[in-house]
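Both complexes below contain chain A, partnered by chain B and then by chain C.
Entry: the complex of A and B
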């Protein structure tokens, strides 16, 4: 794919002129991309056929004056789409149920959406509850090389290769916690806890942005997740709590 | 007798099943053949009701040898006003439409670029959109192992 298209397409953060998904950082996102590629093949086939039919009807001006009914044709154009939809639906439903499967998470993080920032809470550690707010870094305070509208002052640190659970809620209005490279998107609703299970399979920095209109600064409340090894994560917990 | 039933001679020879006249529309000179129980099978036939064609139809009920060649042409055109060639013929406007649309699109794009050029003189550019900043961002993201699969941190990235 990179040889066919521009090399700036794939990213753990959104890039300009990006056409495709961000690089997957979790097994679920890898499966989502595979489903997307599989479905895209079927869609391209259907699209090619429809475009061909469209061009033929506009250029040939054919019309059948004696066409009354054709049961075989009607059966074909009912059965074939039904079969195609079944071939798309089967892997799609499998993946849908797989994303809802909980795998006994080892760590739980609570994420609360506010206007207009995110607040996180690590409450798994006895007597060492940690919570902090994560505001977007204003453009004027960015250092050279920082990503505009994506950097935050306090990042979320998580250990890699660890089954995680995130409980997402909101304090005021609807928000949405999104992490495209992890295939994660869950609405943050006041008075409700949404659970998302995920696992990061590689270290790195993952960026996301609020995906539910929540007011004036809806575009300016990103979330940054830093996935690191267990040693660094333990040091982070030890020093911060 | 056949005309009294409202069936054209042509229909009699090709489609013996459609013999019922449902209605005659006096304004559009259309005759509708077929049954309303099967609306998809209805056939619409155009019949010219102008006086000269009507009189020629009456004359054609007699011996056809008495019809001159011009009368036969007129009678044929009255029964079949549109041929396939007439229907499929280009209206003569396709080139104008394509040319006009292309010109409008080009003008629209030109207006966009002109307004962008004018507006950019009054708007201060964002400091993060300089080549130096973009190079520094690329270096930073490489250090953070962004895009290790296909993107900037991968081995084949250029």
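Entry: the complex of A and C
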């Protein structure tokens, strides 16, 4: 029941006919959505203006003879788009570099893509090193309220409001670790350790799916991240074998 | 029986979880952290070779590589160490 509440109050998983983002669960995803909305606003304004101009000129309702060989006008419609593009490029680049910025991490989790499941390693605790595989739940074993093709047997547990470092690699072929509600995606490559930093700002269960074509069961290796408070997290660490 | 287990668990939960992980290393500012993992593994082997198993400061390298390296990488390297084919500890010959 709590699972159902958690997963359906917020939209933390892909839904059918979905047109927009999932609800953000990290400051980075909030910023990404803000940039998207801002860019969308400029885009729609330009589109409306251009459509209006096109209609007016093609229906010959507007004809301005000064439009021919008008240097000032040509300079304007070169400079204005350039300025507009800059106002989009600047926040976009700023955000791009911000996502790469590594904060001082408090917890490291390793995640390994395998054909076709993810496995996770917690190795920060001296007396407790953990390693487990996380397989998709087959449809027959789903309970009421579970998400088909998204649920796994062992979830990745993380404490919320904690600076996390995730190291992503693969054991066989390319995979990609994705968590849309955190604005996070990184390729998993054999022999390479990719680092991503993230922070979840609320509790919840976040769903992602392998994002690099990796073979027959590529569609059936989802990742589920459960963000919870430190108390529940330490309970998980102590009880998991 | 269940009570016993709960009591044990409560006891464990009393002990605070030590939140500790390798910090940012300016030598490895990139997304790719494989070199970070590798260097700490090699440094630990060198440290032990130089100062012996009981030299506590060596444990710093061990904690770091354990946190950063995927377990199967470490297993593979330890295997190579046992067979004497680990490439990280080979002395470089000076050329004149």
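We take it that the second predicted complex is superposed on the first by the 217 of 241 C-alpha atoms of A that agree within 3 Å, B and C clash if a C-alpha of one lies under 4 Å from a C-alpha of the other, contacts with A are read in each partner's own complex, and residues count from 1 in each chain.
As a working rule, contacts are C-beta pairs under 8 Å (C-beta built on N, C-alpha and C of every residue); 3 or more make two chains touch, one makes a residue touch a chain.
For clarity, every value in this text was computed on a predicted model and none was experimentally measured.
S.K.: Regarding the shared-chain residue A:56, is it in contact with chain B (first), chain C (second), both, or neither?
M.R.: It touches nothing on chain B or chain C.
S.K.: Output check: A:36 vs chain B and chain C. Expected answer is one of first, second, both, neither. What do you get?
M.R.: Neither: A:36 stays clear of chain B and chain C.
S.K.: In this superposed model, does chain C or chain B come into contact with more residues of chain A?
M.R.: Looking at chain A, the partner in contact with more of its residues is C.
S.K.: Check whether A:167 is in contact with chain B, with chain C, with both or with neither, and answer first, second, both or neither.
M.R.: So A:167 only meets chain C here.
S.K.: State whether A:230 touches chain B only (first), chain C only (second), both chains, or neither.
M.R.: second
S.K.: In the overlay, answer first, second, both or neither for which of chain B and chain C A:94 touches.
M.R.: Neither: A:94 stays clear of chain B and chain C.
S.K.: Given the touch rule stated above, what does A:131 touch, chain B (first), chain C (second), both, or neither?
M.R.: Touch status of A:131: second partner only.
S.K.: For a test of understanding, state which residues of chain C touch chain A in their complex under the given definition.
M.R.: Within the complex, chain C touches chain A at residues 9, 12-13, 16-24, 29, 31-34, 36-37, 63, 66-72.
S.K.: Could you please specify the touching residues of chain A with respect to chain B in the complex?
M.R.: 1-2, 7-13, 22-24, 61, 65-66, 68-69, 139, 142, 144-148, 202-205
S.K.: Report the residues of chain B in contact with chain A in the complex, numbered from low to high.
M.R.: The contact residues of chain B facing chain A are 15, 38, 40-41, 43, 87-88, 126-128, 132-133, 136-137, 139-141, 144-152, 156-158.
S.K.: In their shared complex, at which residues does chain A touch chain C?
M.R.: Those in contact with chain C are residues 100, 102, 104-108, 110, 112, 121, 123-126, 129, 131, 162, 165, 167, 169, 171, 186, 191-196, 230-231, 233-235, 237-239.
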